[in-house]
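Here it is: the structure, laid out below.
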Amino acid sequence: MLEVSGLRKVYEGRRVEALREVTFQVDAGELVCVIGPSGCGKTTLLRCVAGLMPPTAGSVKVAGAAVTGPPPRMAVVFQEYGRSLFPWMTVRQNVELPLKEKKVPAVRRNELVAGSLAAVGLADVADAHPWQLSGGMQQRVAIARAVAYEPQVLLMDEPFAAVDAQTRADLEDLILVLWRDMGVTTLFVTHDIDEAVYLGQRVIVLSGSPTVVMEDLKIDLPPERDQLTTRSLSRFADLRGHLYAQIQRARGDR
Amino acid sequence: MTGPETVRRKDVRATRTGRTALRVLTVAGVPALLVISWQLYSTVSENFYVPAPGRVARAFAETWFSERLLDDVLPSLARLLAGYALAAAAGVGLGVAIGLSPRLRAAAEPVLEFFRAIPPPVLVPLIMLLAGIGDGTKVLVIASGCVWPILLNTVEGVRALDEVLSDTCRMYGVRDLSRLRHLVLPGAGPQIMAGLRQALSIGIILMVISEMFASSSGLGFTIVLFQRGFQIPEMWSGILLLGLLGYVLALLLRRLERRVLSWHHGRGVGRA
Amino acid sequence: MRRGTGFRVAYGAAGLGGLLVALEAVSRLGPVDERFLPPASEILRALAAELATADLWTALGETMWGWALGLAIAFCAAVATGMVIGSVPGLRAATHSTVEFLRPIPSVALIPLATLLFGASLGSTLLLVVYASFWQVLIQVLYGVADVDAVAHDTARSYGLSAWSRIRHLVWPTALPYVMTGLRLAAAVAFILAITAELVVGSPGLGLSIQAAQSAGAVTTMYALVVLAGLVGVAVNAGVRALERRVLAWHPSVRGEAPR
């Protein structure tokens, strides 16, 4: 579904090589996490995949079609929830706007908005403005917006980096449920090893800058995940320890 | 049983009256004090230039609640509004265009800085020269003075649009007109309103000056007429009227802003 | 996308050049009569000629003196008033309605009064300049004083700082960015009002020279003086901004303008 091959990105003005050679793919319906040491170009990678930034070399393909600009059936949830929602619109309007742009008929639109807001547990605050909600709730709105858009591919850029631990656990479970129900291909960028292991079917480890793929690790945990039991499995600890060592190595290489 | 109940209710009423009295005192206390000292000063000093407040109030009623309202005040206001509206349309339109294009912005910046720095009143003789002394000239003077703060603030507001929000629009296919409507204009809204606020005071200045310069009617002209004829209470009533106009127009603009930018004030970003 | 200064300078110069060429063309090729809008080259030549005369520098000096003196008076009065109103409990609320009423009164309303009291002299300029810039500074000072952190205030009190030291070490540093914003806004307004007084009341200065050039039909000179007024305005803005940056260089947060 998502093919990234030989992706390279050099920032012109500063002559910084953010990505050297990144190649991986994500199959339809898969949830893949991307981790790496801080400053390793995770956000650059995501922006290239999203078509928000042209790569210097290499290509990104979604369902076989090369990405040259934001693809029509791709949704992104950004880290900065406070800045990715339109503060002058209500929660409902925020979720509805992309559907209006897609010219979804009104009846279907209402269904999708109501459905996605209910799915993230925000049906009762549809008429509030984003700034009246807590950070976690704002990120739920951004997730609802992505879900209502019915994307083929969902990109998430460290979406829970700025919320507290409890909220974070809730949101992780929300993502798992939505992903399972929708079967949407998901690329989840995070700096948190635990989160990557907990959510992912696979974890892609990026090296320090200049960035290449260090490892593509299959997470062989049972498909049903639970904050308590999954995290206390010894296999979870193994995987976590392995990835931790990898990240340390990536950091040391620099 | 009813005893303490009634007492308490009386207490409540008493504090409520107390609170109302306090509020009236806070709002009206200082102004009342000022008017009283004005009255005292005018009786004690006999200063020809400072007539008693009652005298000014009478002059106000006699002067402005007459055909002058239709002949002088309303036309002045109409010219102000026409010029202001023209400036708002041009300023926001051009500002959006310039703000959205880095090249255009870089090219326009020094030119705009220069035009903004020209004190608007010097436009009066200049535009009179180009366009004569009719109503059109005055509207043009007001528009060409008001347009700069609106234009520059709009450019600044559009330039500073949130990048994440901008990316969000790109991802979800919000572009062109609906990008303008849903992202650019509301995003630059607080800055645009700041520009409109600055432009309003410039507009009033230019309304008055353009009439003082070359006119045979209008608010500015009439006030100068009173001053030349040493009709001091009438002159003061004119100053008072201008003050009231400035106050009311600023108030209306603030109302509008509260409505348009309710989301902004609600966020606690803008302090009213 | 970040672009270098080279980009900005190149495009900025192109923009200015474009404006000059357009002005020249409009005048030479005839959409607007040359008598009403002289070519840019003529205006610049007239400006150079004017700059060589002593009269111009006298007029410019008078304008700047009225500007600086009026601004200084308004600034000191507004800072003192603002500190008192902001620091004495209850005074802010009591004066709120008065301030909110007096502030939007256009200072040009005072032109007739200035004419009567001072005639065509520096006094008229000062009356208008001081009135207009006083409110700009006062409002910002009030915002600044209100911005003092309650916890910091309590801390200062608990360590037994006197009222004077509290103002000096707590209130003033907090309010400073706002004060500088007020000064920046007031400087621009003061320049506008100084020119206005000269233009309308006839106080000596650049505005009067423009008025004189217009009555004498010296169109090119008038344009040259308007351009000069614009350049002085640019210098005033740039100067105050530089001062603001210098004064606030140590300040942890560079604040935006408080909404008025």
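We call the chains A, B and C, going by the order they appear; numbering starts again at 1 in every chain.
As a working rule, contacts are C-beta pairs under 8 Å (C-beta built on N, C-alpha and C of every residue); 3 or more make two chains touch, one makes a residue touch a chain.
Which chain is which protein? Per UniProt: A = ABC transporter; B, C = Nitrate ABC transporter permease.
Computed from a predicted structure; not experimentally measured.
**Student:** Could you tell me which two chains share the largest number of C-beta contact pairs?
**Tutor:** Of all chain pairs, the one joined by the most C-beta contacts is B-C.
**Student:** Using C-alpha centres only, name the chain that sits farthest from chain C.
**Tutor:** Comparing chain centres, A lies farthest from chain C.
**Student:** Per the centroid of Cα atoms for each chain, what is the distance between chain A (ABC transporter) and chain B, given in Å?
**Tutor:** 48
**Student:** Taking the mean of the CA coordinates per chain, how far is chain A (ABC transporter) from chain C in Å?
**Tutor:** 50
**Student:** Centroid from C-alpha atoms only, then distance chain B to chain C, rounded to Å. What do you get?
**Tutor:** Once rounded, the distance between the two centres reads 18 Å.
**Student:** Residues of chain B that touch two or more other chains: which are they?
**Tutor:** none
**Student:** Sort out for me which residues of chain A (ABC transporter) touch chain B in the complex.
**Tutor:** The contact residues of chain A (ABC transporter) facing chain B are 47, 50, 52, 69-70, 72, 74-76, 78, 80, 83-84, 86-89, 97-98, 100-102, 129, 131-132, 145, 149.
**Student:** Would you mind writing out the residues of chain B in touch with chain C in their complex?
**Tutor:** 26-31, 34, 49, 102-103, 106-111, 113-122, 124-126, 128-130, 190, 194, 197, 201-202, 204-205, 208-209, 212-213, 220, 223-224, 226-227, 232, 235, 238-239, 242-243, 246-247, 249-251, 270-272
**Student:** With touch defined as at the start, can you tell me which chain B residues reach chain A (ABC transporter) in the complex?
**Tutor:** Residues of chain B touching chain A (ABC transporter): 162-165, 167-168, 170-175, 178, 182-183, 186, 189, 263-264, 266-268.
**Student:** Which residues of chain C touch chain B in the complex?
**Tutor:** The contact residues of chain C facing chain B are 1, 3, 7-8, 10-16, 18-19, 32, 36-37, 93-98, 101-113, 115-117, 143, 188, 191-192, 195-196, 199-200, 207, 210-211, 214, 219, 222-223, 225-226, 229-234, 236-237, 257-260.
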